[in-house]
Amino acid sequence: MKKLIRDPQTVVPDALAGFAAAHPGLVRVQTDPDYIVRADAPVRGKVGLVSGGGSGHEPLHGGFVGYGMLDAAVPGPVFTSPTPDPILEATKAVDGGAGVLHIVKNYTGDVLNFETAADLASAEDIQVETVVVDDDVAVKDSLYTAGRRGVAGTVLVEKIAGAAAERGDDLAGVAAIARTVNANARSMGLALTAPIVPHAGVPSFDIGDDEVEIGIGIHGEPGRARIAWEPVDGLVARLMEPILEDLPFTSSDDVLLFVNGMGATPLVELYIVFDAAASILRERSIQISRSLVGNFVTSLDMQGVSITLLRLDDELKALWDAPVETAALRWGR
Amino acid sequence: MKKLIRDPQTVVPDALAGFAAAHPGLVRVQTDPDYIVRADAPVRGKVGLVSGGGSGHEPLHGGFVGYGMLDAAVPGPVFTSPTPDPILEATKAVDGGAGVLHIVKNYTGDVLNFETAADLASAEDIQVETVVVDDDVAVKDSLYTAGRRGVAGTVLVEKIAGAAAERGDDLAGVAAIARTVNANARSMGLALTAPIVPHAGVPSFDIGDDEVEIGIGIHGEPGRARIAWEPVDGLVARLMEPILEDLPFTSSDDVLLFVNGMGATPLVELYIVFDAAASILRERSIQISRSLVGNFVTSLDMQGVSITLLRLDDELKALWDAPVETAALRWGR
Amino acid sequence: MEALGTEWALDWIRRSAAVIAENKGELSALDRAIGDGDHGENLDRGFRAVIAKLEGASPETPGAVLKLVATTLISTVGGASGPLLGTAYLKGAQAAGDAPGLDGAAVVSLLTAARDGVVARGKAEPGDKTMVDAWTPAVDAATRALGGGGDASAVLEAAAIAAAAGAEATEPLIAHKGRASYLGERAIGHRDPGAQSSALQLRAAADAATGA
Amino acid sequence: MEALGTEWALDWIRRSAAVIAENKGELSALDRAIGDGDHGENLDRGFRAVIAKLEGASPETPGAVLKLVATTLISTVGGASGPLLGTAYLKGAQAAGDAPGLDGAAVVSLLTAARDGVVARGKAEPGDKTMVDAWTPAVDAATRALGGGGDASAVLEAAAIAAAAGAEATEPLIAHKGRASYLGERAIGHRDPGAQSSALQLRAAADAATGA
C-alpha cells in the first residue's frame, strides 16, 4: 500500500493537524477528543450545527465548517463513526444558547453514537435536535433493512440548513429545513475501484478491470450489483432512473444536479457524467437551476461517482445561494 | 481501461458540454474551435487573460475562467497543446481594447502554438503579451534543456494576474505581476501511480507497488528518479528541499503554501502532506500566510502530489485575497 | 462450586482483549466482505483501551469490571459495535450489581441483561444477521444449562458453545440490520463479524471460569 | 529522369498518412517512454485531417500540396510536433514555389528549407534527440546524393535511409529539447518519437518517387 501518510494509525490526527495549519482563520481544531469548530464558535443566539462520522470522506465534514454551514465537525477513525465524547464536546462548544442540530448520516453506528451524545447533552441542558440523512436510493428503505444510507445529499443538507441557521431560524426551523432538503434529495453511486483503508492495506472489495459496482456506499461496502463496464451514458442512466423514479422527479421540476466524485475520479470525468445526466434531465424537461461538481463526499481513493438530485423551491434556492465560507465550499464572502 | 467516458476520442468535447451545462451563468463554451470564455467577455477596458494547454489537468484552465481570474481558457486534446486557431479566436473574444495576456506553461508545444497565435493576433491589431510559467524545480533550467516546466504555480499566476487585471492594471502591469508571481513560485511533484491517457488505455509508465516517482510532470512523463516508498515526511522533504533551496526561501519569508493533488489523491492525504510541509517551514521560521489545498492542476487519474511555495509581499497578498468567481476557485463574491 | 469473582471478570476481559487482538485481521476481513472492513480494528482499539484503563484501576467487583469495560468501549470503539457492545457490558454490569461473586443464576441474568440491552438499542431480531444471533442462542443455552443444574462455569460453557454455533449460523442469512443489510442477497454466505466477535468474547468468559 | 510532380506529392502525403496511421501505436509508445505518449495520436489526427482536406481540394503543384499539408498540420496537430512539422512543410512548400515538378536539386532545396524551418522554430541542434536528428542527416545525405549525380528519386532514397539511421541513432542520446529533456539520463536507450515519425514521412516520400 502506497499512500501519502505517516502511519495508518495516525491518518486522522495527522490530517487534522494539516487542516488546522491550512485554515487557521476559519476553524479551530481541538484534539483529545478530536473535533473541528468554527473559529468564532459559539455564535451567540445562532443555532449550532454539528455533523460528523467516520473519516475518509473528506472534505466531508470538516471541510464544511465555517460561516453559513457547519459550526462543528466530529471526525471518527477512518470509516468508523465517532464515539459520543467528541460529539458531546463539539455540541457544547457550539451551543450559542439557541440549541444544536445534529446532522447524522443514517448508519447504525452514527445514529447510535449521536443518540448517546444527544442524551448526554440534554442532561447538560443543551437543546438538541437530530436530523438523519438517508438519501441513497440504492438501498431499500424498509423495516427489514437499516434503511437508506446518508450519502452525498448530506452536503446539501448541511449547506442549506447552515444558511437557515445563519439567517436566524430557530432550532425547530433549522431542523425542518434540513428535513425538507433530505426529503427532496435522492442519490445513487457507482464505483470503478474499491478504496484501500489505511489500516487494512488491501482494497475493500475485489473488482475486475472491466467491472463496475452499482449502488455502492461511501465506506467501501460493495454495491447491490456488479455489471460489465459500459460507456458513460449507460452507467449514468443506471443511477438516474432509480433516482428519478423514487421521489419521483417530474417534468418542469427545478433541480440542483450534484455530481460527486468518490475521491480518485478526475474532474474531467465528472463533467462528462454531468453532461450525460443533464441530457437525461433535458429529455424529461427537468430544469437544472443549480449545480455542484467535484469531490465532496468521498470514499478515500475510490474511483467512482454519485449523482444527487435535489428538488428546489425558491426558499431552497435562496438558502443555497446564501454566502458560505468553508474550506471546501465558498461563495459570497 | 475503465473510465467514466463516452469514447476516448470525445473526452474533451463531452467534458466541455458538461462544463457548459454546469456553469451557464459563469462561462460560455464555444465549439469548433473549442474555448471557454467568461459569460461577460469581452470586458471593455480590462486586460484580457487567456491561458490554455492540453486537457487532462482539470480544473486547469477552464475551471479558472471568471471574474478576477481568466477571461478565456483554450483546452487542447488530452495532454496536447491546442493549435493556434482556438487560441487566436479566444484572444479575439476577450480583447476589450486593453490588450490580452497569454499565460503559457513552458512546454515546447504550448510555447510554439501560443507564439503563432500571438503573431496572428498582432496581425489583427490586438496587443498581446506572453508570460511563460516555469515553476518546476525538478527540471534543470539550462541552455541544454527545454527549461523548467510550468506546473501548479500556474494557478497562482492566473489568480494574481487576474486580480491585477480586474483592478485595472494595464497590459504591461498585468504581465509584470504575472512574471513576479512566476519568479517567486517554485514547485515540485511526485507520483505514486501513472495516469491512463484515454486514447492510450494503458498507464503512461510502469511503477511498482512500493515505488514513487520523484520530480514528475503533469503529462505522465516519468520523473527524474524512482525511489522506494517511504512515510510522508521523507517524501515531502524530497520535494521541499529543492524548492526551498532554489529561490532560495529564507527565514522570516512569508509564503503561500499550495499542496496540489494530481487527480486521484484523496484530500485526507493532501492535508497530511500539508502538515508535513508546514513542519519543515516551521523549522526554518518561514511563515505560512496563505494556503491552498486540493486538486487544481491534475494529471488525469494520477495519484500524487505537488508542492508549490510562493513568496508573498503585501501586494501579492492583497491580489490573492481579491474576489474571484470561477468554477474551481471562488471567494469574495 | 464457588461463585465467579472479580478475578474471573478480569481474566475474562484480558482473554477477550487477547483473542480480539489475535483475530483482529479475521474480524476485519469478515467485515470487509459484508460491511466496511473495520470491525476487528474497532474492537481491538476498544479492548486495548480497556486493558490500559485496567492498569490504573482496581475494580472490586465483577460488576465494577464490566462497568469499566462498558464505558471504555463506548468512548473508544465508535461504529455500530461500540454503543451496542458497550450497552451489553453496561446492562450486564447493572445486572451483576455490587455482588462480589456470581453464581450460575447471576451469570444467566448478566447475559440476559446484556442481550436485552443490545436488542433495545439496535432493534435487531434473531435472524437479522447481527451480534444478536450470537447473544440470543447463548442466553437460551445458558438458561437451559442453569435449569439442568449447571453452575456458573457450566452456564458459561453452554453460552460459549451456543454463541459460536449462532455466529456460524449467520452465514446463510440475508441481513436486516447493520451495513450488511445494504447488500441484499449478496450477504449470503458470509459470517456476521459482530456475531463472531461476540462468540469470541463469550468463549473467553467460559475459559476464564475454568482456567482453560 | 523526369521531375517529381503533383502526383508524387499527393502520393507522398497519402503514404505518410497511411504509415503514420499504421505506426500510431508505436509512435505513442515511444513517446510514452520519454514524453507524454501522444505523438502517434497527434500526427494521426493531423494526417487524417490532411487527407480529408485533400478530398475537397485540387492543389496543382507540389508546393500547393505541401502548403495545404502545412496549414492543416498547424491547425490540427497541436503539441510540439504540430508547429514544428507544420513549419517544415510550410518552408518546404515555399522552397518548391509554384514549380510543376521538382528535380533532384529542387528536392534538396525543399528538404533543406524544411529542416531549417524546424531548427529556426525549435532551436534544436543535431544530437539534441529531436526530429532534427532525422532531418539533418537526411539533408546531408540528399546533398551528397545530388552531388554524386543522383536524380530526385535517388536524392529522396538517400534522405530516407539517412533519416531512418538518424532516428535510430537518437537512442543512446540524452535529450536537450522537448519533453524528453526533463528526464536527464533516463532518456538514454529510447528512440525519439519525432525523429522516428520524420523518418517514416521521408521514407514515404522516397517510396512515392519510385512507386515502391
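Lettered A, B, C and D in written order, each chain numbered from 1.
Keep this in mind: a contact is a pair of C-beta atoms (placed from the backbone, for glycine too) under 8 Å apart; a residue touches a chain by one contact, two chains touch by 3 or more.
Computed from a predicted structure; not experimentally measured.
**Student:** Under the stated touch rule, with chain B ignored, which chains end up grouped together?
**Tutor:** When chain B drops out of the picture, the chain contacts leave these groups behind: A, C | D.
**Student:** Measuring centre to centre, with centres taken as mean CA positions, what chain is farthest from chain B?
**Tutor:** The most remote chain is C.
**Student:** Between chain A and chain D, tell me the centre distance in angstrom, where each centre is the average of that chain's C-alpha atoms.
**Tutor:** A distance of 55 Å separates the two centres.
**Student:** I'd like the Å distance between the centres of chain A and chain B, where a centre is the mean of that chain's Cα atoms.
**Tutor:** Roughly 28 Å separates the two chain centres.
**Student:** Cα centroid separation between chain C and chain D, in whole Å?
**Tutor:** 76
**Student:** Any idea how many Å lie between the Cα centroids of chain A and chain C?
**Tutor:** Going by mean C-alpha positions, chain A sits 32 Å from chain C.
**Student:** Counting only chain pairs that touch, give me the topology of the graph as line, ring, star, complete or other.
**Tutor:** Chain contacts: open path, no cycle.
**Student:** Using the contact rule from the top, write out all pairs of chains that touch.
**Tutor:** So, checking each combination of chains, I get A-B, A-C, B-D as the touching pairs.
**Student:** Spell out the part of chain A that touches chain C in their complex, as residue ranges.
**Tutor:** My answer: residues 54, 76-85, 107-109, 112-113, 115-116, 138-140, 144-146, 149, 197, 199-200, 204-205, 217, 219-222, 224.
**Student:** Would you mind writing out the residues of chain D in touch with chain B in their complex?
**Tutor:** Touching chain B from chain D are residues 28, 32, 34-38, 41-42, 45, 74-84, 121-122, 176-179, 181-184, 186.
**Student:** Of all residues in chain A, which touch chain B in the complex?
**Tutor:** Residues in contact with chain B: 1-7, 11, 14-19, 21-23, 55-56, 58-59, 63, 192-193, 209-212, 229, 231-233, 235, 257, 259, 263-276, 278, 288, 291, 293, 295, 298, 300-301, 303, 305, 325, 327, 330-333.
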